[in-house]
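Report on the following structure.
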Amino acid sequence: MKKIAVYTSGGDAPGMNACIRAVVRGAIYHGLQVYGIRRGYNGMISGDIFEMTSTSVSNIVQRGGTILKSARSKEFMTPEGRKKAYENLMKLGIDGLVAIGGNGTFTGAEVFYNEYQIPTVGCPGTIDNDLYGTDYTIGFDSAVNTSLEAIDKIRDTADSHDRVFFIEVMGRDSGYIAVQSGIGGGAEIVMVPETHTPLKKVVSSLKDGLRRSKSSSIVVVVAEGDEEGHATEIAEKIKSQVGDKLDIRVTTLGHVQRGGAPTAYDRILASRMGLAAVEGLMSGQKNVMAGVVNNEIVYTPFIDTIKKTKPIHDDLLRMVHILSI
Amino acid sequence: MKKIAVYTSGGDAPGMNACIRAVVRGAIYHGLQVYGIRRGYNGMISGDIFEMTSTSVSNIVQRGGTILKSARSKEFMTPEGRKKAYENLMKLGIDGLVAIGGNGTFTGAEVFYNEYQIPTVGCPGTIDNDLYGTDYTIGFDSAVNTSLEAIDKIRDTADSHDRVFFIEVMGRDSGYIAVQSGIGGGAEIVMVPETHTPLKKVVSSLKDGLRRSKSSSIVVVVAEGDEEGHATEIAEKIKSQVGDKLDIRVTTLGHVQRGGAPTAYDRILASRMGLAAVEGLMSGQKNVMAGVVNNEIVYTPFIDTIKKTKPIHDDLLRMVHILSI
Amino acid sequence: MKKIAVYTSGGDAPGMNACIRAVVRGAIYHGLQVYGIRRGYNGMISGDIFEMTSTSVSNIVQRGGTILKSARSKEFMTPEGRKKAYENLMKLGIDGLVAIGGNGTFTGAEVFYNEYQIPTVGCPGTIDNDLYGTDYTIGFDSAVNTSLEAIDKIRDTADSHDRVFFIEVMGRDSGYIAVQSGIGGGAEIVMVPETHTPLKKVVSSLKDGLRRSKSSSIVVVVAEGDEEGHATEIAEKIKSQVGDKLDIRVTTLGHVQRGGAPTAYDRILASRMGLAAVEGLMSGQKNVMAGVVNNEIVYTPFIDTIKKTKPIHDDLLRMVHILSI
Amino acid sequence: MKKIAVYTSGGDAPGMNACIRAVVRGAIYHGLQVYGIRRGYNGMISGDIFEMTSTSVSNIVQRGGTILKSARSKEFMTPEGRKKAYENLMKLGIDGLVAIGGNGTFTGAEVFYNEYQIPTVGCPGTIDNDLYGTDYTIGFDSAVNTSLEAIDKIRDTADSHDRVFFIEVMGRDSGYIAVQSGIGGGAEIVMVPETHTPLKKVVSSLKDGLRRSKSSSIVVVVAEGDEEGHATEIAEKIKSQVGDKLDIRVTTLGHVQRGGAPTAYDRILASRMGLAAVEGLMSGQKNVMAGVVNNEIVYTPFIDTIKKTKPIHDDLLRMVHILSI
């Protein structure tokens, strides 16, 4: 291994820059040359690839987003696209890749590896924490804290007006952000895709809350992928059942959850993983993701990270219930 | 003047608690007794009124929301409601009122004063900054900073993906939050109710931005009361005109803007105004709002704060344009 | 088990309130009565003990500090003090205790249990993360993030002036905060009590940094318990060796690290531990601390948490070195 | 006027980058060429001057510090130094200067103008707010909010332990930061250079506070330039007078106050001033500072900004007293 390249792909996540920095400095520390590829697979295809030095990554550990930019690439889904990408990498003599991203990123990397055998190690960069093979993904802790700050703020106004708030957080297939920000924010109810929360039960919980204490506000955190629909739809259905007795409002947090300075946890996790990707490549790892399980670095085949699902802890959902009495 | 009462009404705003604290401690400092009324005019009607001491307001200066809670009252719009309110105040011997809120609050106070002549001084508590008679309202600076933090975060992800973001901030009749958070956040375009920004112009600005630099993200801040509609509607219209050339996303910040710890500016402004309300009452002011104009306390008749409008500075809108080149 | 009491003792930590809340609501959920003791062992001795309900802990999950207040108690170190404490608990029929705190707290609990056999489960509440028996302590993640935000800010000004900053963070016997905030903040050097960093090496690192890039700032994070002394002393010694070539400044972060709203991580950790303490007591645990190891609840005898030490990960220190090249 | 140059000098302040951005884009908007000078007068002397474009200042409005770097220059105090600076500017044909900084910066600009007559307009960039000719300086609002957040955090731990905290904030000659963060943070006492607060009075206030409520914490905010000395010295003197009755701690906030993302207020103020500097130069202003007084742009001769002092409002100090009862 002499020359490696690093790219970010798919939805961006806070901590991606810390990860890029660790890849670059880790590679240089170990005597490798290191290149950056802009806009993920698109840049691989168009040849937007440049050498990086230690100072290329100065003063970025604290920045949200990704200095390498990110994109989803349709062209890379075609054999022609991947051929161009391969040729660009060969021209520069790149013999190892670090892919920072989520499910889609690793699916691309898996296909590419099977065709061209350039050793690739992935780093799990996605706010959703929905990847098998790591306890936490890069960006998850930051997204949860951003959601939590928003929930804290909304609680202020909910309390002042005795209102019920439905707050939608990100998580198309996964309720991790919802559950963690819900527990952290003292939510009375959390609705996630992994389990079915019938609206009937939500209505009766709301009425219960109302009965116990006329004055209290109620916060319901909804993952965007909940099977009952988006928070706006759920709120409409609930309103039609409870009428004017409750003053119901909805907030969809949206893309703020993707941005901002990463938390300490994400910066350290991203740094560890970036370094583990480089050192993994050097010791012969390929076609795997570097994750952290029980505080140890673990390499998991891409195919498993894509196919296997990581269940949400039952005791977290149980905690929401107990703590909201 | 021996006994005064304070209440918050209408939409809550960060800094209301700092204002309540200043009213309570200012009153006690000057030898008055002071009462709190819960839930605005509703509590006045239902008699939810209690004596407050110096320690009632300990450790609240930094809290969002209002410890007195707030509400909009339909009953207070009826003569019967106001009669009940008056009787409750008389029972306790209250001979002065401090009303913290916005337009609706002062409209109620004006009517009530004309019927029952209890001297009332208002403090402008609303995030919208849409009140004549004061340069800034309590909560405005906090709301702008909250919006700005969100815009900064969204800019991270917009930059990483070269996206166009339409961000809707609060302001039904006023573009103050939009303009200030837009300038602060480096927005390329700001759309406010006070001026007409034709969609054609937005489209050509977006195309211009695209032409100048293929890689840059663009942020458009939209006040919720813009005459072209909500950010979601505007974005839909724009999409139908520009097609796939731009990757357009929308975020509506929503109620987070109302919550959170108030900024230093709001805490100090709120403290000054609360104290000015008490000292105004003691020196014979009535039926007026205490505002700060050019850094001096000014008392403006309620009727003027309700009827007169405060125009947005032209040079702020000009600045958006110049700074986004 | 019918009646339990909870107290906080020793230095306060963000998340203690979330822990108290989980103890109170967890106890009520399981049908127990629950009491709060103010000011730790002092309140136990003076009888400052009161029943808590579900609403006693409303709206505190996000607050720093501890609503039960905390103190260090000299009287509890005497047999007479402990006797009084025991009698007060007996009067109320309390048959279980939850102690939230660190080393000193558990030492007291251990002695007390040996004398009077009231089952006690501890929750590790200390920002230092220096307790054996748990991967993380309540408050640690918040303190690291607070330190990190300060380091980020200081980096702004260090960069603008090409300065070297020595930043002292908390940690009398432990370098956990220093290492994590150092890695997160991109520190060039981290000095901790666990390993010896000779000043000679610091000087040569600084000179190296200077040589490689004249313009860059350098940040050195120092744990307060470093064997070379406090940051101010270290900086003085370094200055006397390098003279005017480097513009050296010192900041001691101090007590800000103890306060502020807890992070999501700390709120969830504290909630889990509080619940685990209650359920531990109910299932017969005693004289142990509830910790989280590899994401599972583990009960460790107080004596082990006091006597055994938790080493700092070598690979974290190695990471500081690699990432600062 | 065809070519202007901009530089930052003296202590850095949040918002300087927003000001640089406004100077650069304002100049380009008006058809001027614009240069940046690195490290203030040092770069002017060494010729570290480069042309700036609209994209040179992309994505910096939210960043602390200054991308142009800052320094204090001894050489500029000599006629030889200034001669070199003049020659460098002449080589590039620069016929206007924008100086961002404080007292020292403007003193240099004044001397330079008198010798070489290059029109110069200053922008007040200093966290201390101690410049005559403007209500607020760039960076002041951010520094106050940073101090306030620290005070809020310290209040958490002070309350938990019933402690007295002396918190030192910046302000060598000016108590503006101390007074505003003190009022905002609910400080019981504020000590500033502008007025003499005898220690006797501090001691009696502390004892009063103790008498009124045994459990409350007390916060004393001290400006670093207070005539009684630094917070550590003051605390030592107080301790020697009150003995063990009070648990007194000290925190010196230090350089964190200079860093961090600027607040909305500072970004807008900095943008207005930067633009006003450019437009001032174009309309013939020279040897003046662009300030904002009563919300209007005002140009004040450098000599006045240096020689005249801006008194602190008496009613702010009065407010500290009333609000802490």
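Letters are used for the chains, namely A, B, C and D, taken in the order the chains are written, and counting of residues starts over at 1 for each.
The rule we apply is simple: a residue touches a chain if its C-beta (ideal position, glycine included) is under 8 Å from a C-beta of that chain, and two chains touch if they have at least 3 such contacts.
Predicted, not measured: the structure shown is a model, and the values here were computed from it.
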{"item": "Touching chain B and also chain D, the following chains", "value": "none"}
{"item": "Longest centre-to-centre distance from chain A, chain (CA-based)", "value": "D"}
{"item": "Separation of chain A from chain B, taking each centre as the mean of its C-alpha atoms, in whole Å", "value": "35"}
{"item": "Separation of chain A from chain C, taking each centre as the mean of its C-alpha atoms, in whole Å", "value": "28"}
{"item": "Chain B and chain C: spacing of chain centres that average the CA atoms, whole Å", "value": "39"}
{"item": "Interface hub residues of chain B, defined as touching at least two other chains", "value": "152, 155, 159"}
{"item": "Topology of the chain contact graph, where touching chains are joined (line, ring, star, complete, other)", "value": "ring"}
{"item": "Listing of all chain pairs that touch each other, if any do", "value": "A-B, A-C, B-D, C-D"}
{"item": "Chain C residues within the chain A interface of the complex", "value": "21-22, 25-26, 28-29, 54-55, 58-59, 61-62, 135, 141, 144-145, 148, 152, 155, 159, 180-181, 183-186, 213, 216, 261, 263-265, 267-268, 271-272, 275, 294-295, 315-316, 319, 322-325"}
{"item": "Chain C to chain D touching residues, read off their complex", "value": "8, 12, 14, 16, 63-66, 69-71, 146, 149-150, 152-162, 165, 215, 249-256, 258-260"}
